[in-house]
Structure formats: C-alpha cells, structure tokens
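Reviewing the structure listed below.
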Amino acid sequence: MKIGVFICHCGENISRTVDCPRVAHFCEGLPGVEYSIDYKYMCSDPGQKMIKDAIHEHKLDAIVVGSCSPNMHERTFRNAAVSAGINPFLVEIANLREHCSWVHDDVEAATEKAIELVRMAIEKVKRDKPLTKIKVPVTKRVLVIGGGIAGIQAALDVANAGYEVVLVEREPSIGGHMSQLSETFPTLDCSQCILTPRMVEVYQHPKIKLLTYSEVVKVEGFIGNFKATIKKKARHINEDLCSGCGLCITKCPTKKKAYNSFEEDLAFRPAIYVPFPQAVPNIPVIDETVCMYYKNGKCGMCVKVCDREAIDFEQKDTMLVADIGAIIVATGYKLYNIDKKTFDSKYKGYGEYGYGKYRDVIDGLQFERIASASGPTAGEIKRPSDGKEPKKIVFIQCVGSRDPSKGISYCSKICCMYTAKHAMLYKHKVHDGEAYVFYMDIRAGGKMYDEFVRRAIEEDQVKYIRGRVSRIYEENGKYIVKGEDTIAGVPVEIDADLVVLATAMIPHDNAPTLAQTIGIPYDRHGFFNEAHPKLRPVESTTAGVFLAGACQSPKDIPESVSMASAAASKAMILFASDTLEREPVVAKVNEDLCAGCFYCKKVCPFGAIEVKDITDVNGIVYKEVAYINQGVCQGCGTCTATCLSKSIELAGFNNEEIFAEIAAL
Amino acid sequence: MTQQKWEPKIVAFVCNWCTYAGADLAGTSRLKYPANTKIIRVMCSGGIDPVFILKAFERGADGVLVSGCHPNDCHYNAGNFHARRRWDLFHKLLDFVGIEKDRLQFSWISASEGKKFADVITKVTKDIMALGPFKAYQNMNSEFTIEFPELEAVALKEMLHEEEVSDGRA
Amino acid sequence: MEELRKYAKELLEKGEVAAVIGYQQVNERRTKPIIVTDPADATKLVFNEYCLNNLSVYFTRARIRSLMRTKDKPTKLAITAKPCDVHSIIALIQENQIQRNDVHIISFYCHGVVRDFGCEFSGDYLASKCITCETHKPLYYDKIFGEDKVTPQASDKSLAKIKELEKMSSKERFDYFKSEFDKCIKCYACRAVCPLCYCQRCITDKTIPRWIESSSHGRGNFAWNIVRAFHLSGRCTGCGECDRACPMDIPLSLINRRMAMEVKDLFSFVSGRSLETPTLVGSFDKKDNDEIFM
Amino acid sequence: MEEKIITKEDLLKLCDDIIAKGHTLLAPGIAEYVPVTNASQIQLDSSALPTKASYKSYVFPKAEPILYYKRSKNDVQLIDADVDGKKIIVLGAKPCDTNSINIMRHLFNWDYEDKFFDLRQKHFIIIGLMCNSFDDYCFCTSVGSSPVSEEGSDLFLIPLDEETFALRIVTEKGDEFIQQYSGFLKEGDETRSFAVIEKVKHPEKAFDSKQVHEWLGNNFESPKWDGIGNVCLSCAQCAFVCPVCHCFDIVDEDYSYSEGRRMKNWDGCQFGHFTLHASGHNPRDIQSKRYRQRVNHKFRYYVDKFGQILCTGCGRCSRGCPVSIDIKEIVANCKD
C-alpha cells in the first residue's frame, strides 16, 4: 500500500507550534509512506490540487492529512481524494490544529505529538477498507412539532412544495405566542392580522394534517424513516361534528373557575372553551379539572345546547403513529416566571420585584394582552388591580436575562425591542402618561430596529434610565421603584402605577424530555443544540431532525420565520431524491463466529439487531445469529464492544484499525 | 540512553460527538494543556472495548482516559449507559489485580466543555506523573524484547550474534 | 439412586429426551460425565458428593446439541444438575444458548460436594463454593430427587484470601497476581470447562487483530486472565470448574468470586438466579454508579 | 555402568554447589518441577506421584521468541533470537519423565534441527530417582518403561535407606558431570540396590503396545471413538501437561507499530481450530477425530516414524482431565 502524507501549516495556525517540515520528513521514513509533504494551506485549491497530483503521480492508495479537526475539513479532503480516484474512506485526518498546535506552547513537545498523531493516522489508514455509502429509502413526510409562527411557516413551506406535513400542537389552537401579541416591532402592525391568514391556510391546506391538543410521545427510526407516535389528547368534542358555533361556551355555567392562559391569567374562561376567538381549529376543549360533569356527573349543559351532538364526555386519549422522513422541532419558548414559587428551581427568581405579590407588577406578555384590542381590557391600558389607567409606568429590561446569579447567562434578545414597543404603545394610548425604561444596554441590531428605539425616546418621550432596579414595594397604591441611574450616578425612585418586567425567554419545562424522546442534544438551559453554531444552525446533530425558532435560542419573529423556512428547505433537500445516502459507518456481524448470545441485541439503542436463523443443508435451523439491519444501525459500536467473541465490526472504526492506532503510540 | 526527563504516555479514547468535539473546542478556545495525551476517536463511549485499554498498556501507555457524553446526552441515546456499567466493573477488576486506580480514568465531557477537557487532561497528566512510569506492566515480558540497532550496524550485530551462539555450543 | 436410573430410563424409552447428561462412577471417590442415549446405560447413572462436573457445559457443545435433532422430531436433553449447576443453565438460557423447553432438568437436594476427586467428603475437603451456598434446593427443575441434608461446617478460605488481598497495596496485589498468572501455560482448560465460555472463536484465538498475545509469557498470561475474568464479570455463576480444571492451580475462581461480590455491591445482581431478571451485561440503570467519572 | 553410593547429606551439599555455580537446579515441587534456590527445599521422595506438569518447559519453553523483526520504509530487519545456554540439572526426575527429552529429540531433529531444543537439551543433566508408588492412572509398564527405568537419566538414584542413595552413572554426560563431585562418592554395592529394585511394585500392564499399534492401523473409522468425543471438552490440558507432547504454533507478535517477534508457543491437537484451514475447512472438525489423532499419534504414527511410543505412561493427562477421561482405559480398549 502506498500512502501519501500531507501536512498542513494552516497559515501559521499549525506551523507556529508544530515544525511541519520535520513532521513531513519524519513520515517519509515510515513503512508504507510513499510520499510526504507539507504545505501552507492544504484545504486551499492549490493544496487540494497538490493532493490530487500526488495521488496520480505516486499512484497512492490512501492518504493522511495532518490538518485541522476532521469536523472541519474531512469532507474537503475526502472529496479531493475521490476526484483523484481514491475511496473517501481511505482518507484519515490527523488533528494537528485543535488537538495539538492550538493547545500546546512548546514546539518540541507539540512536534513530537504531531508526529505520533500522524503516525497513528498512517497505521489506521493502512487497515482502512474502502466503503460505499448506504442507500435507504425516504418517507417524504415532515413532522412539525409546535404550531407557533415557526412551525406554521415550516409546515406551509413544506406543504407548498408538495410534501405532506403532520403538524402537532400541544395547545388546543395553533398560533403560539405570536397570536397573543398586540402589535409587532418595528412596524407596529397588528400581530393577529398578519398571523390569522396563515393559521387558516394551515387548517385548509390539503397537504397538512393538523393535530392540535396533541403531543409527540415517541420517535423511533432514523433519518428518512422515522416512526412517530403522537398522543391526541381527549378534547371531549367530536371534531368532525362540531361546527364551532360557540353556543356551548356561552352556556357553560362554570364561568370563572379557570384562568385564561391565553390572556396570561388576566381573565377567566369557562370549563368548555376555545383559547381565543380566532383559534384554529375553532373547536372547543373541555377542561376536565373544572367541568362540573367530571366533578359530580351533573350539569351537561353543553350537551343540551349542542344540536350537532358533538360533545363526547367519554372520549379518550388516542395514539396515532405516523411514518416520517424528517422532523422540524419548533416548540418555542416560555417566559421566565419570576414568581417567588420558583425559588426551589434552578432559577433564583426576583422576590425583590414582588411579581406574583403585587398584581400590578406584570410581565411582557401580560402587557401585550392589556395593549391588545382583543384582550381583556379591549385595548385600553388599565392596570390589573383596580382597572385604573396608569399614569406612570416603569419598564424593567433584562429581568432574568444576562444575570448568571439568577440562573440565566444569555441575552433574551427581543426584550429591548418589545419594551420600546410597549412604551410606545402606552404613550400612544395614554398621552399624558410617563414611561420609564430601566435598561442595561440597548441591543437593537436589525433592520429599522435602532431607529425604532430612537423613535420611542425622541418622538414618544420615553425616559430611558441606564441602571438596575434594586427593589419594588407598594406604598399608598403606588409602586415605588428604587433603582439607580448609572449615567448620572444618582439613585432613582419612581412611584409607578404599573411595572412591566421584560422577563427572560426560556425553553419549555418539558424541552429536555422532548429532546430525549427525539434523541437530540440540548444545552444546560434546555435549548436544543444546533449541529454547528455557524454553518449548520438549523440542523440538530441527529440527522433528519431540524430546528426552527426560539426552541434553539431566543429569537424574534422574522428570525423564527427565516429559520423555519431554512429548516423546511433542509427537509425538502432530503426529499429531493427517493433514496438517501448514509455514511457507511455501520456494524456488521461475522455470522460464522457469532455465538448467538444476543447481548448486542440487548444493548443496541436503535433496535437494529435481529435474530437470523442459520440452517443446515436440510433446512433445519441449527443456530441463531445476530443480524444487523444496515438501514437502522447508526454506527455507535456499542454492540462491537459488548460482543464477547468480537464477531461484530464497525466499518470505518473496526477493531483492527483501532489496534493499529494504539500500536502506533 | 541520555537522562531525559520522563514524560508520561497517555491515551484518551473519546467519543466522536461529545469529548472529541469538546477537545476541538479546547483548541478553538486556545486553552493549554500538557502534550502527553494522544486521542483515539471512536464513535461512542459504548464502543470502547476494555481490551483497548490493556493494549494501550501493552504498547507503553502509562495511563488511559476514557471519555464520552454525559449521561442522557449520548448521541446514540444509551451507549454511554452501557459503557458506564462496563467501565465500573473493569475498573474494579484492574484495581483488584493490582493496577493503580489512577492509571485508568473516566470522564464525561460534552461538546461545549472545552475547558473541562483541558482541565481533565491536565489532571490526568498530573496523576500519572505522580504515579510514575507503568513499568510493572511494560516490563512484564522485557526478556522477550530486544533493542534494534540502527540500520548501519546490522552486519556487525549479526556477526556478534553468531559469535555468541558458537560460544554457547563450545 | 435407583429412582434416578428408573426415571432416566423411562425418559429415554418414551423418547421424551434424546440423551441424559449425567455422572457415572469411576472409582469410590471419582465420577465422570456420561452422555446416556441408550436406555440400557441408564443404570450407570449416579449422584453423590463426588459429582463435581458442571454438566451444563455440554449444552454449549454442538455435538451434544445436535443430539436434539437426531430423532424425527426435535427432542429435549435431560441433565442431572446440582442446584448450583442450575444457575449455569439459567445463565445459558438467558444468553440464548439453549431454550428452557429444550432442557429437562433432573436435580437434587444438595448439601455440598468435595473439593477434588479423591478427597473424603468432610468440612476440610468441602468445595469452596459449597461453604456459602444457599441453594440446597434448585431454583428451577423438572424433577427433583433426594432430601435436604446439612452441609459440613468449613472455613471460607477463599473469602479470607480475598480479604487479605484487599488489604494489600496495589503493588503487592499486582505482584501476587503476576506470579500466579505466570504459571499459566495457556492450555485454556479454564475456558473449556466453563459453561459460559461458549464462543465459537474465543478472542484469544483471533489474529486480525490479535486481541490477546497468545504466547504464554507474562503479558500474554496477564491479559488472558484479565480478559477471561472480565468477560465473566456479571455472568459467572461461581461453579468453580475453572479452578478445578487448571493444571497449574491458578486461583481463577478467586477473581471470579471477587467480581461477583463487586457486581452484587454495585448492581445488586447475582448471575443465573432468575429467568425474569435482565442480564447484567446488556441492561443498564440510569442511576448506575457514576462516581468513577469526572 | 558404574554404581556409587552417596549420602543424602552429601547429595544436598552437591545441590548447594550446583546452585552456587549459578546453574539451574530443578526438583519436583507441589505442582511442577521448580527451580530450587536452597538445597533444604529438596524432598527426595520416591513414593511421590508425578507432579502435575513435567519439566518439558525447560527444554521446550511454553513460549519463546525465535526471531525479531523490524519494518522500515522499504526493508525488514531480522535478528535471530538467542538461546539461553544455561546448565540445568534436574534432581529427582521420575522414571516416567526422564526419557521425555529423548523421545522428543526425534521430532526436533527430524527434517530440521531445532537449535533451540538441541542447545537446551545439551545442557541438561537429568538425575533420575527410582519410583516406588503408583496410582490408578500410572501405566509406565504398558509403554515399555518401568518405575526403575534408567532410560533417559544421566545419573540414577536408588534410595537404599533413609540416608543413603545408590547413584548409578548411566551416561558419559552424567559421568563427566559427577566426576567434579567424586569426593562425595563412595564405591557402590550393586547387590544392595538390586535388592531395593526387586521389591518395587510395578503397575499392572494395561495393554500391549504392539497390539494397540496394530489395532489402530485397522480401526481408523471405529465407532469406539464417538463416545469419547462426546464427553471430551477439547481443553487440551492433556497435551499441555504431557511430558512429550510437542506441538507448537508459530505466531508473529508486534510490540510496536514497526517491531515485533516471532514466537514459538505450545499448542494442542485437541483444540478445535488446531487443524482449521484458511479456507474454513477443518479436517478434524469434531472432537472424536481429534481424540483419535491423539491416540494414533502417540501409539502409532510416532512409532512408525521414530520407533518410539510418544508416551511415558505418567498418567498426568488422565489424572488432571476435568472430565476424567483415562487414556490408559481408552488405549486398553483399542482391541476388538
């Protein structure tokens, strides 16, 4: 076997601490190495050409590239090798940058280490076997989890491209947080007005199967071939019969038993309800916890008034199974609940602001509802406690965000903008009112964003105070906000009528559970992890699972929408061909030697291992062996390490290759 | 042989998704750690065979680190849970047959824990430095190994060798 | 004894089993395995304190398993098994080497066997595994003979040795095991007699790659013995056949026993005791011990 | 040859001198022949049964390097392994062990002279000790030897009483060796030693090796082999403890990415993969064929080729067999 070794300087990134020419020279003397050279930028066009030329000129069978992490340029060099006629799996990368030059100072030690790393790669490549990619069929159907604006956008994009979509929403209606907003920044156009047509389009789209009041409980399989189990919770309404007349809602006697969560608990709702008038689908849900029928078996008013006999108290949760090719996760966010009750959680809360204690200390979404024309106050700015119009209002930014001591280190990104919007909406409605904003920094990056904030300050006279609020307490019907103006360097005290907290965006409580169900990683906050922060921001590390919207990190509407479209296009790329090429890193059983103990079957996380009968010439089964379904195997290799007789090998990482690496130490 | 300062030889078997990426992040973040550890990448900590560790000791490793994704964080859902059982037992076995516990260490390092990777490597290196070379294992069949002469000296060595044999027969 | 012979003869005559794997007497203090296929040979069967062999090992032999297919229809194999041998059978069933329906277990109340052939049955010569044995009555059987008798009192020297080793320093332990393993001649008798060493090709016989140096020098011996012990960790049922078979008297079951103790401590698991409990290897608990991980 | 008398005390002094000279002195220990570091450890007990293993490994080690190799860019360097030419004196070898090296020598000098074996055995001095006990497994008399056989010994001891031994000088090598200790020797009296030998009980002859040889030649396909194959577990401990089994396996063992050694390791014909071909075919695929091979090799092939039975009748294989297969019984059954 003739091996070519190519050592990259990476400009100076590697060569600063690794003596690249020495590494190349050393490798030249190693058994099997036909050609060895170093170059400034191996990944550049001339660098790649150098590799291709060397392959032709020296008739190389395999190559080793000493460069950056394989996560960066493995593909580049494999492609170069392929174009010169070498199997892409006869290319090994020695990680000389991330694992060597960048982490060591001593040139001697780093060079020694680089030599060993390259030597290991050479020994491995000698044992590498040519592999071909595996083709698996693709189910051209997308599962979108979450029916907020991101989920809606993704679903519509995919459906409009002609592929089927299953859209699963946990709440009774799609729409998400966007449907709660009064106006949107920076254009101040009505949120409902732009969202509702989209919601209706989803409902009416022939390619979209909408499952509201449903949750994904199990995901099996792999890219192109997932199998999702969806729990459709009992609405107690026959969806096919209900006409959405709403008579049941108006007649329901339990009027004020439950807070209306759509109104952010600023209003009540009956036991049978639709979350909001524009809900899609416009089909009510019965809340078992408050409905009289479930309490004492009496009432049944809704049954009496429904002339379509759509009420079904006996309805049970049902499980639906769908074959899915790709998954778009768009589960969105919730607001950091700064209520004292969360003191035992990882978040520290803001007891000093009196949220939950003072009814007029509210969060951003509550203010959205107060400002909304369809909200509990019909758009008039009234404070929750006594319904009076607040004449002095204080907005506090960064409540929770950017404060590691409160459990959240990140910036929630949208609060600067929506606080400016809130202040503006307030000033537009209460012309004689005073609006104050406590801020840390104003982060208004975005088209027309900074202009929008300037408009609030300059045109609408919102008073911005740079500083933190230390305490809020009630005094004579006023809320005393004690803070500091750090620019003027003086303490500030404002007797406000209403305080609005721009609390942090955090993932839903069950985000980690969902992540584990789907099999995608998540960060310590519970936001789902993208495959690469820069280059693969909408893909999760699990192939075939894409991310959209605020479930990945805080985002505003345009960002969520663009991410949703990006995720949709990623799914559509997948669907562009009928089969899918997969990395051939899969395990294979040596059936002659398999002893049939099936420990491999017990440990396989993907259920890829099946029992195969081996028969003699008479067709009588004389032994059972393990068989690995190459389409299902994900190539973790847990079976190979568990196999006692070592009758399973993982292609690309087989035991011989790893032993060779160890030997080269 | 010149009196060189002894530098331990350490092998780290790491999973592709978490610890390898964590090591990449340590590099991207330009964190510094000792150069003694060489990484061998596998797909999952569940795919690391205990015999790899023995092989590493055989090939002169003074210490071994095994690292993967945190529990619940496995790219393959459960590979690391199986690995955890395996390593717990194997570690106990090595301890019982008299291999110092620190010769074989384990960690969970996620892709975002570049700092932890650097810290763990620094700690393991320090521990192995304190234990010294793993002579007990390496020398176990020193009687069956020879030093190869430099290429030029072969002829001379072969002559000497002949001499010795004929001596023995006399 | 006559009951056993009569029962075995009937099983064979009725064609319920293809063979009875049992013991026959060699001399007063020694028995040996016999595979009875002819009902007439059932008279050779015995059961006593000298039935040392763990006969379940024969289930792993293709020659013996093929007996199940010699008749027109698949037939069972009967085995005379001590209660401790039944543990091995359970482990084999769990590892898919034989099906419960394929085995007819003829077992006995057992009060211990001798340490080695030629010894007198008494506390002094009691097999090590019998000292702490709690299963005088088999956990699974299809037919049981005999009555429960008292096991002779004996001191648990193997446990004392384990305790002694635990107190030693790493280096002392290493030296102890190295000197023991050095005796190994790689005859693999330990592997051959172990019911759970049923691999078609043992990893020590694999050459690409070479998992274990097959030479019986220090390192090859050390690696073999560690890997052998590890492959049995959580699986070994403690029958002690390896100890008995080892011509060089390496204390193999000492390591096995110590690992079984660890397994019990860490995972509250004992191998070969229940067909319902999942095997230790191949299962996990999210709450497994995490302390060795940084 | 000559017969001398040596007291036990002097014999032990002689041993101390051997040790002092840096030679290896082997004597029967609990399980095997062990190197003695102090003469006081020596038990010269003619009534002991054979040790579990013989001293075969000192002339034919269980693992030894035969050459070393190093790969370089376009070359492979080879260096032959050295043989340790240390003098080894075995004291108190059983008559069933003494002839083992002589028997094996045929094989190691047949078509190729094994310098490792030759050099080692050249440095061997075997001091045999008359055997005065036997158990159910002993059958030296059936293979042409006896508890008083001097064959293979360079010197042979016969205990005359508690404190004195008759020392027979059997070979020139033995003579040359003992000359340096002539001070310890007194003139012997053959009548005394003969009287002792007369009284030694011999194990009963279990079979006639000539008849066995003939039967084996005619009964290669005898159904008698089948039953043995069923019970045998193929562990090959019989081959490993046998004083004359000499199969070995040549393996290359890398100890770094470029260096390695070629090893000669014990092997055993009872292993299933012993005869496994690279094609996957295995001519001795089942245990009965392998056991047949064992018996045929010992009592027929080796006799045909070298005129000697490849068995000393020590009974080790049967004594240690985990499933109590008794080779004596099987060979005795090799008749119609």
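What to note about this one:
The chains carry the letters A, B, C and D, assigned in the order they are written, with residues numbered from 1 in each.
Definition applied: contacts are C-beta pairs under 8 Å (C-beta built on N, C-alpha and C of every residue); 3 or more make two chains touch, one makes a residue touch a chain.
Nothing here was measured: the structure is a model prediction, and the numbers come from that model.
Taken together, chain B and chain D share the touching chains A, C. Interface comparison, A-C versus A-D: the higher count of C-beta contacts falls to A-C.
Averaged Cα coordinates give chain A a centre that lies 52 Å from the centre of chain C. Rounded to whole angstrom units, the spacing between the C-alpha centres of chain A and chain D is 73. Averaged Cα coordinates give chain A a centre that lies 37 Å from the centre of chain B. Once the centre of each chain is set as its mean CA position, chain C and chain D turn out to be 31 Å apart.
Counting partner chains per residue, chain C has residues 201, 203, 210-211, 213, 215, 217, 220, 281-282 touching two or more of them.
Within chain A, contacts with two or more other chains are made by residues 592, 603, 642, 646, 655, 659-660, 663.
Counting partner chains per residue, chain B has residues 50, 58-60, 72, 78, 82, 86, 144 touching two or more of them. Residue ranges on chain A touching chain B, taken from their complex, read 69-71, 95, 97-100, 102-106, 109-110, 112-113, 116-117, 120, 512, 516, 519, 521, 523, 529, 541-542, 585, 603, 605-606, 634-638, 640-642, 646, 650, 653, 655, 658-659, 661-663, 665.
Residues 592-599, 601-603, 620, 622, 624, 642, 644-647, 655-656, 659-660 of chain A are the ones that touch chain C when the two sit in their complex. Within the complex formed with chain C, the chain D residues making contact are 30-32, 52-53, 57, 62-63, 136, 227, 229-231, 233-237, 239-241, 249, 251, 253-254, 263, 265-266, 268, 271, 273, 286-287, 320, 322-326. Chain D meets chain B in the complex at residues 63, 65, 68, 70, 72, 75, 77, 79-80, 82-83, 85, 115, 119, 122, 255-256, 259, 261, 263. Against chain D, in their complex, chain A makes its touches with residues 28-31, 33, 119, 123, 592, 660, 663-664.
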